[in-house]
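Here the chain labels run A, B, C and D in written order, and each chain numbers its own residues starting at 1.
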Amino acid sequence: MTKRLHLAHFSVFRDARGRDAESVETHAETPRDLFDELFSSARGVAPSPQTWARVAINDDLAAWDALLSDGDTVVFLAPSAGG
Amino acid sequence: MTKRLHLAHFSVFRDARGRDAESVETHAETPRDLFDELFSSARGVAPSPQTWARVAINDDLAAWDALLSDGDTVVFLAPSAGG
Amino acid sequence: MSFALSDVSLDATACRAALLAAAPSGASGGIVTFEGVVRDHADGRAVQALEYHAYAALARREGARITGEAQDRFRVEAVHVVHRTGHLSLGETAVWVGAAAAHRDAAFEACRWTLDAVKARVPIWKREHYADGPAEWVGAPEVEGLASHRSDP
Amino acid sequence: MSFALSDVSLDATACRAALLAAAPSGASGGIVTFEGVVRDHADGRAVQALEYHAYAALARREGARITGEAQDRFRVEAVHVVHRTGHLSLGETAVWVGAAAAHRDAAFEACRWTLDAVKARVPIWKREHYADGPAEWVGAPEVEGLASHRSDP
């Protein structure tokens, strides 16, 4: 069964997706699955996001192997330089 | 031959002399001599100022054994807490 | 203890007033502030302007956690942070951090620690516009899989 | 690079403006400021007010040396210090130190070093007025030969 997830995109992920936000129907169980689906499937390249990025679920930091639920909001966090 | 020296007093030295400034006729050759004359003669106590205070001659820091000249301005500097 | 985002120019006087409003009157002996200002060059390249994009909900949550942690780590009366978002011109303040404490050591340490924590943890991204080339997200890695997506059909 | 004495209340906004006026436009990425404020207690005693007495000619000379040394020691664009003299009420600022630098490390280090150097070297004496006893010169040693003079005939 698929779930519906909401995504907001920032920084390099926004550039890669070409939009600020989107909703997707997906079989992804974890943020790692979702990341691969969105950013790596076309090329078969897996950028191993857990080594250089973070992920938030429903506006708080989460683990890359957390279980996603229908209706969750997911944001991938690229490294940033801050102030 | 005596020399005439001008003194400005701050902090504990002002309290001890009971005034902000004064001029003295003295045989003192060095700030150390002058200090003893002003602050220690009455009691015979020598507070060894070089261990806890500094001295300025003509508005700049000087050594305790510097030679004083007629007309010099001398200020003894007690330790301070600053800002 | 507070963290705020602002999409308008930061005013150092107003930031300082907000810090002091959070500190018990008469108890603060030392106030240390930091302002990060947009410079005209970075890594040897001429910078024309900046954009800051914040993931606002998480930025506020993480920012509040940081100022709370600063109070636990240091003997401070108050810590306040304001971070800009949006387009910034040269000379504008990007981030303001203030710490008020009874003693100056704590104020210096808390200000510095909070600044470093904000830069490391708060999800705000900086895009620099250069005189000599396309804008870049500062600190972002070059990821082959990602970059290729931009030209995917 | 500058050091000033003031016998009227310090205004943080004006102090900051004086710092920035001395810094090349567009080059300062980090501005760190310190304000030392009169607290309501010191070493466990309730403080009612303070006086600062400066040996002005030497204070200005030594203060200018310190800000000059700060420029030699750190990669700073500007360092500015203002120190109060006279009677201060609780909550008033006794000393303001600001450093502007291209990089934040240098700004923090220069501000802290300058503050410590001013406190150690500039001839300004602080007299604290307490709720529970006579006023004292802070930091002054108890010297028997000196103290006895006060009651000499």
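One rule holds for everything that comes next: a residue touches a chain if its C-beta (ideal position, glycine included) is under 8 Å from a C-beta of that chain, and two chains touch if they have at least 3 such contacts.
Just so it is clear, the model here is predicted, and its values are computed rather than measured.
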Would you pick out the chains that touch subunit B and also touch subunit C? D
Distance between chain centroids, defined by C-alpha means - subunit A, subunit D (Å): 52
What's the distance between the Cα centroids of subunit B and subunit D, rounded to whole Å? 25
Could you put a whole-Å number on the gap between the CA centroids of subunit C and subunit D? 28
Residue ranges of subunit D touching at least 2 other chains are 36, 115
Touching at least 2 other chains, the residues of subunit A are none
So which chains actually touch one another? I want all the pairs, not just one. A-C, B-D, C-D
State the interface residues of subunit C toward subunit A in the complex, per the touch definition above. 36, 53, 55, 57-58, 61-62, 83, 94-95, 115, 118-120, 122-127, 137-141, 143-150, 152
Provide the residue numbers of subunit D that touch subunit C in the complex, in ascending order. 12-13, 16, 25-40, 90-91, 102, 104, 107-108, 111-112, 115
Subunit C touches which residues of subunit A in the complex? 8, 10-18, 39-40, 42-43, 45-47, 52, 56, 59-61, 75, 77-83
